[in-house]
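Chain IDs A, B, C and D follow the sequence of writing; residue 1 opens each chain.
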């Protein structure tokens, strides 16, 4: 089996390179010169298609490139793991804060969200209580919260809660007892409750006309407020802490008018410069070491990039020589497969991966220096480049005979598998649409199916 | 492999068409005429079995039919998705209402149903409390519910709760202390509690003899009432809102007499004309656009239907010509496989799919115009037709050489797979019956198995 | 492929039957007689190995046996399903009762069992409260339970609760403050609380010395009582109701002395004759119809049994004729495979299945007539026989050419699959032992693994 | 198929042994002697490569070794199962204790841990209450706990709770209202609350300055205490009970400063000598029987070890004879595969397994005699050796022809499977890194993914 696949591989390659090694006739001077040239080209081609081990055996050429790639795999993976661990802390901090807010501001919050909303209420009394609970918790925040929080300023630079309610306009005509008069236009009423208002004794604000809700035309109530927080964890790793502004919004959603108000809690966390903060003590900056490491990664990738580009340039030159020779000698053009045989897909992969790592590392350094915050782009670049680097390891496995057979077999069977998937995909798509509409949202079974899944 | 399968395909087809291309002898005039006819038929047959690309290359015939099919896939899928999204809103409204009712009328409802019933009670005290809770919540409904609900009229046109209890008749003989006297006939007692009765102070109704339950012979208590609701969501999409009548029934099921009363909550929602409703404001009807889109889908399907029918008619005519020619020249009848080769199963699929889409779209337009409400039939028609249209895509994949091989291979292996499934099915059926009776309901393990699954 | 497997089958069969159809030489009278005999035997053998369809074509013999088997499949499956549905009601009644008892007698029962016990307590206060709660619920039972329950008599014919506590004997020596003196022998103390005792005002029983538990040497407290219940559901199907005696036991298990008392609730339900019960009304017995149906099943199975036995007897006679002929003509013995070819395994399967159905049906009739109660044996017999009957369907599939190939292929590959399973089983067994001891109970990981699974 | 694989096996073996059985020329005396020697060697080799059944048939040599191995499998498995069941009791006791402690010392503990911590709190009030609850429960321990617990001594030999709080140092400079002054150095404050302190009326300790927490700089509060317990379960199996010291630590972790304090409960259980304990009664030591069993296992393993070592020594001697002969006769060296053919891998496996069992059994005896407690090492040794013994069963299966084929096939395909796994592993590793960083911790999706899994 291996033998057969390998011979197949050789046949493909030889066919691609044309039948240039046929018997030679004639022995004039020009032919002799041509023969020398041909022999030289043959040698170069042979050497070009060797793998590093064979090259070392043939010309004692030390495989710098191979060594560099192995070093790169180690460096890039280390960098990625360090970056990921750092991000994990940040994400955990944000998520923990959101969970803590939900416990503080939502009445009877169970600890887990229902579907996509946090909790739901079913009676008018619960609706009033939930709204007043959130507002009074905001007022008492500093006495109850365990986090280092401070009130933040609204968009209009005032400290306080903004409560907005959205409802259908009431008809101007007198509504008779029997008829429901609804204007399909939507009105928005807002009120700003600042801290002094809330502190007033006897809680006069609860009695205001604003908080007399007419549920039959109410669409939603939105309570929004800003809080300032600080992530002190980074002090342990001797870095400066990040300051956050949390834009919290509690939405009581009655759009469906189905007797169930869904409560959504949304918390957006933005990183801001920490102004009012003094960190003293033995805080040494060890950021330098990280920056040096990143710079080293960039250097290695640059070297790899240069070497691979050089390889491709050399390969293209060799191809030109070969094509010219072939045209001259046999007066025929080499077929396309033969032309592409010269440009190694692996080199292209390595070059793309290197470029991504370099850009990603530069972004990472900027983020570290707190001048940039687009973690998203950086993580996509670094992640994808690491994926490519690891996939590239397969190439080095291909240098071993036994693995090469495996890889060629997989390459040959891939299109068939993809084709099968395309066919199955069509049927699956059709079935999905059909199942969704026939079994799905309309029949009551849907709920059952949903739970089963 | 591909080569073999393809040649197989060709062989099948050529065998089916008979061996009409054999050497010809003789050269009289009649034969010449016959030869011209034969050549013509051969050309037509060749063209008939071409795929659109080849037809375009051969006679520069633009593939209208192919284009139409591709357009149809897009249109039908869009229509289905829009229809499905619309239905999803309706279903969600009904389900949310049911959940809200359960929270309002069932005491200590946990938010999730147990098995197929909503909750269960185990003591006499709980039974009384649950019944009285549901009744008093009905009385206070307008003050607690968040939805826009109104009391609906019963079957006998009165507003109020109907409470029915079902129990075995008591024996007329004096029941001694030791014996349990039960008459296996069932009696039903009902009482209608209208709003004024419920509002009476001191809740005299609770003291009535009706509510003195004798659990040993009680089969079930049923509380039923009608509520009117309105789905205002559709106003957003500038459509008229739907009005609903909810026929709610709470059943306290003691049929098993096992010490556990299961409480079922059943809510049937019927769409009704909205009478007492005034919607004003900028409500424009955008229903027209949807209707125009549906009409366009119908047009396309009609066109596709006509073209496919025409193709089949042409094919049948060609077949007749071929059969006559074959009978005349070789004095033999063409075998069945050869006859069926002319009628493409794909055309039949397209025709069925088109007919279903047309009927479904007409139904959909009627539903939109609020004159019909059988969503079920409509969704089955549209869903199935979309399934067929997507499955039909496989046919177009068959035009590519590589895919054709795959499809033929799958066709060939299908009967073997089905046969294996039949055998396995027999053993599975036997095992199921055996497992159900031996491990299943009788032994206590059943509960364990049920939970494991 | 099919051709090959089939020819294989034929070859096996012909080899098994010997090479009796070789060329014949000589033409004396004896030989002629022998030839007639041989021809006759050949015909009989040919007919014997035919399937029903071929037999019908050959001698117009109507396949009674086949028809009977098909009828039997229908009857046996119907009988099984009816029996299963009946059992399901009985099991559901018992389970519902157990759940109801747990809610009545266990304090703070959550509705679902933890692992194998119902709930667990961690403080001394909870222990006392749980015990007293169970006892007082027993006292108030008639006022709280929804089921038709009555107090049952204990083993010593008294009505009441039996509370037993099991503990290590206390050392007779004076226990110093520092030392824990424990005698490894176990003592059991019991007290019987009958209803009058429990009704006493001021609940004097709670103050008794018995209820002063010394947890450091307490092993378990066991509360046991009997209750009488009745399953009225069967009245609907016009049958007599079953009466039950529930032997309930609540065990507070402190054997581990780990600070966690596990509470087990065990309820054994025994069916008893209903004495103190009068059912009147239109209760007709429709048990007869069921008995008639069962008798019919028995008849069919008897017929099938007789026919199959006859077939086997005929086959054995034919074999004897064949063996004699073979020995006489070729002076050789037929090999074992050839001998076994005559006895069809299917017939043996049918006979076993028939015997089981007959015994099972008789048991079922006895149960119906309330003279027997071993449901277990009956369900195992009926279930297994139904499994065999359904597996037997595969034989009829073997009559079709295409299925026959499949079945022969599966028969041929079975031993290899089993052999592979044996090897894998060895490794799996070794791994299981190793994994259990290395990862399993000893390391703390076990708990994690348990949860992951 | 079987034939082919087997012949392959024979070919491999014959190739490995060289082509020593070629035709012999010449017939001098020396050659005759050589031929006798060769014949003798050939016989020995033939016998050496036989399996036990063949050996028995050839020389009537009873397969002692095989019998011993079968006996060993039984003994070793029994020993492992007994050891595992014993350990399971110990682990269950520790786990039950930990669960009981959590219920006693953690306020509002739900019964299941959240992620890796036991519960979490979100308000300052909850924080104070949880801390005070744990402390007062410690004080009341003897009155509430169901287990036989006693207060243990701290590291500094005092009985009591140690409460430590860890926080950032406060800045010495006056903190203005606007700025947060934090010194990144960490301070640890501890207080020891002994029993008398806690018993004081009016709970003065709650008012101490230590318990005025400043959450903005608090890192964690740690409450630690020692408890003494006893596992009385072992008395049932007539063994001496184990005494335990539980080192409990409750950690209120505020390191993240995210508004959520995670409460960790950590309980380390160490086995100690039971000093203050008197067990009387009919406690007989049945430990002897277990020790005798273990000793018997050791004996069997020693015998198996000796026999296998002897086999290997004999094999090496035979190899030497063969190599010498080969070198002498053909003047060639035998290839490596041929050399290794002589040393059976199974013998090596058996020897390793025997050594592990012997060491493991000795450890087990020491543990039983309460002189050692490293259960870990012992279970790893016994578990691994049992795995090897069971895997060794495959060797005996190889003696049957049908199984041998299977095993050889699996051996041949193993390297290909491993190679494929290596390739897939590379891609998987790359994907893991990429997925972790791109989808993983940074995006909010991570939480969703986590729950889906």
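Everything that follows uses one rule, which is that a residue touches a chain if its C-beta (ideal position, glycine included) is under 8 Å from a C-beta of that chain, and two chains touch if they have at least 3 such contacts.
If you want to know which protein each chain is, UniProt gives these names: A, B, C, D = Mucolipin-2 isoform X4.
The shown structure was predicted, so the numbers you read here are calculated from the model rather than taken from an experiment.
Chains making contact with chain C as well as with chain D: none in this assembly. Under half of the residue numbers at the interface between copies chain B and chain C are found on both sides, making the touching surfaces mostly different. Farthest chain from chain C (centres taken as the mean of C-alpha atoms): A. Centroids of chain A and chain C (each the mean of its C-alpha atoms) stand 54 Å apart.
The centroid of the Cα atoms in chain A and the matching centroid in chain B are 38 Å apart. Counting partners per residue, chain B has no residue that reaches two or more other chains. Residues 121-125, 127, 168-169, 171, 173, 178-185, 215-216, 254-261, 415-416, 419-420, 422-423, 426-427, 429-431, 433-438, 440-443, 446-447 of chain A are the ones touching chain B in the complex.
Residues of chain A that touch chain D in their complex: 77, 80-81, 83-84, 87-88, 90-93, 95-97, 99-101, 103-104, 143-149, 230-233, 235-236, 238, 276-283, 375-376, 379-380, 382-384, 386-391, 393-394, 397, 402-403, 406-407, 410.
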